[in-house]
């Protein structure tokens, strides 16, 4: 399949889907993660367990949910638990292999900001409280992410690549990546590994061993280093063994498009479950 | 009905049953409390809610349970919750009007001991740790009682009257009545009122205002002050307005005997639910 | 003990200006009709608690009922912003709204602690998050056995809890099924609990371990078929996803919102 | 991920001398067959955790498998004492057994905390009880918001959790119904979880909010019809109350107990 036959968004979703292993348990954020997680389930990972914060365990929706708690999620689930139980027993209890998150902003240490874009963020010396008191854009807030990121065994992040989203320091650390200095998880035995992979419409990034700075490990087909550098708000580095991401397969494209088609059909009905 | 027509044990059960109000929620201990609580439900308090620590809420057993978790309790319940939920949400959450307890030992401040009878309990200066290290008789332990007694709005205790059971100071405070000095609940706003009534086969006792010492407020028909004094391990006092407990009614006797008959029948089958 | 009443009476009897209120329902069973009735009765200075403020709080905030919002994720799920909430926070229109911001885990634990009669919830949370720096209600405690640092937040104990459920029986016992969210916790932690239901039935038909609220654990029950629309009631009607999308347009400007308020809530068909 | 196996294999693979093990089941669904298998495999120096030790632990203690017991109510419900447990505690026969004693609320909270991945449980407990003075694992913490004194106990996190359930489906998902006790908590807090079931079915037939353990949350499943007898399995067989009464006689003397052990467990019909 040539690069003309799929969009950058599809490339992102398919690459994110591939990051999920069959047989793993995945706590799924809404939006991009949900799309990729369900694509994984419908393609290479039929036995992946998808868990949503609404309490639905091992859900197999036919269409993508618009919200985190659509009826389809419950109807197709193995079982549905209360939200306190979900966060206490299943997430904090250590039963989640992968937390799969989107975000509005990410920084070089994979910290996530979904709280506030600051009106006048100082270039250095990032301070979340300062940003919070001086909002330019109010974002929806943390939701499940702060504890998914620390209580899941590992985290995968997916978002579109741009200088607005990939910043040197997030205005506000809603959700811990590796902290302002990249070392915030060091020595903390009761929390997970944190972000192991960030998947965008341009590339795949991983935290560098020791520093935990995100570096580009794979470029999507047709994407140049310059494109990534221009879309990244810090002086992003590239792995020595830089890879090219595998092309989407015919089947992956087909499954994804069919999923989006039935989803659009369902959600555009006046009333849909 | 004359006093010859019922036993002292029946008098105790019937009096204990009367202490429970229709419409209240009652957390029921096994044994004597369970018998009395079900008699209440089958006689004057059809809308009493009986709750057992096994998680069964609003249970209406046809026969008395042998254990705290007989199948009959669940089958006849409105709903059954997990044991952690029972203790957290329903008991500690403040939804229990009356905790209904039995005990092996009770003292003048209504402290309960179901842990250990000491081999050589010092006459004064009661010390639970000393008793624990020097057991004469090992009792079953606290079970639900320690938190029923503090998290229910009030507590009713029922047990047979004897110098072995009614002691000046319990060997071990498994479950708080009013403490070693009668004042342990004073100023504690987050716990319940504690024992409001103790019902035995001889009489009814209530804590005296201020001192919280148990005093006899009602003698069962035919019982003398001397009998109670002799059966009590401290110099028990009698209320100025000492009452005589109402005789059991014909109906109370009948309902109790029928309940015990069907219970015996059920439990004497080789296998019974 | 549950009293059967009308929604209008239940709100009139229960909700006072200045109350702290939780209207819960995690996407499913959101008590929209009760929210509209609070707007109609023009309650003011409410502190509203809800994990996902959603359209229902956008409406209450836009109608001027609210002075404080406690939440963990404020958006129109899958669609975008809550325009009325943002207008209140950013421009104090129609009134200023103070916010207290948490994570989902914190609020779920705080509801659980409220239902458990505890003063606080303890959980492994907010590790490395700046939310700790902007919310004084997030504190740290240490495990006396392991020394581990854990987060503590105050238990949620609303004056009024409002939920929507599928059904109640004639004795007033309530059954919730499907995505049950934090509704049992709301019912048990609130000083006064109002439940709207799709219908009253002879027999709940509940399994032995279903999510049932006994009649004596709730205070008022009102039958309001469709009372969760445009969210959904599993087994009764689906989520009106289109309405969630249309809300973006209605709520975007003060004019279109106020028109909606006037035409639909005060003088119209909204339940 | 659940592996289907035999009970004998599951115990051989999972249980080691010195392990901390919780065999739970609150009156209902007590995993007696698994207990007998542990006796047959002659495991030693086990720390056994259980709210209500009951006959199953009387048997394990009497058989010499146990060096420590963590419990909150030790008796034969409605009948009397656990004679083998008392003989071990009071006379070190057949081996000395150390005890750690709690209340039900403490243990229920400790299981809940274990399932929640926390190091400790916090609850309003042990107020005025001498149990605090004889159990160093009961500590005090203070609410940072209200100053209230609360109790803390360590979370229970067994090496091995063993439960009995009504059924599993062919994928290994497990359904418990009725009095579910603390079994979900045991399954989720244990490092390794063994489940015996009455039967394997095609479809669990579970309601949307039933107590279901996904296949990936348990480790070994063995089909053992009658595996909870003389306790009961709701929907399958009733509690054998007579046996509980007979046990009083069997267990009262070392001789009759050892005879039972030899004839029933090692060489007889006990599951």
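When the chains are written out, they are named A, B, C and D in that same order, and each has its own residue count from 1.
Basically, contacts are C-beta pairs under 8 Å (C-beta built on N, C-alpha and C of every residue); 3 or more make two chains touch, one makes a residue touch a chain.
Model, not experiment: these values are computed from the prediction.
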On a CA-centroid basis, which chain has its centre farthest from subunit B's? A
Quick note, more Cb pairs in contact for A-D or A-C? It is A-C
Would you mind pulling out the distance in Å between where the CA atoms of subunit A average out and where those of subunit B do? 57
When the C-alpha atoms of subunit A and subunit D are each averaged to a single point, how far apart are the two points in Å? 40
Between subunit A and subunit C, what is the separation of their C-alpha centroids in Å? 28
I need the residues of subunit B touching at least two other chains; which ones are they? 74-75, 80, 88, 92, 151, 190
Counting only residues that touch at least two other chains, what does the list for subunit C look like? 112, 116-119, 123-124, 148, 178, 180, 184-185, 208-211, 234
Write out all the pairs of touching chains, ordered by chain label. A-C, A-D, B-C, B-D, C-D
Can you check the complex and tell me which residues of subunit C touch subunit B? 1, 112, 115-119, 173, 184-185, 188-189, 206, 208-210, 212, 214, 216-217
Mind listing the subunit C positions that touch subunit D in their complex? 116-120, 122-124, 137, 139-141, 143-146, 148, 150, 152, 154, 177-178, 180, 207-211, 234
Give the list of subunit A residues in touch with subunit D in this complex. 23, 25, 49, 57-58, 74, 77-81, 88-90, 92-95, 151, 190
Sites on subunit C touched by subunit A in the complex: 26-28, 51-52, 71-75, 77-79, 81, 86, 89-90, 101-105, 108-109, 111-112, 123-131, 133-134, 148, 178-182, 184-185, 211, 232, 234, 237-242, 244
Within the complex, which stretch of subunit A touches subunit C? 30-31, 53-56, 65-71, 73-75, 80, 82-84, 86-88, 91-92, 111, 115, 128-129, 132, 135, 138, 140-147, 150-151, 172-176, 179, 184-185, 188, 190-191, 266-273
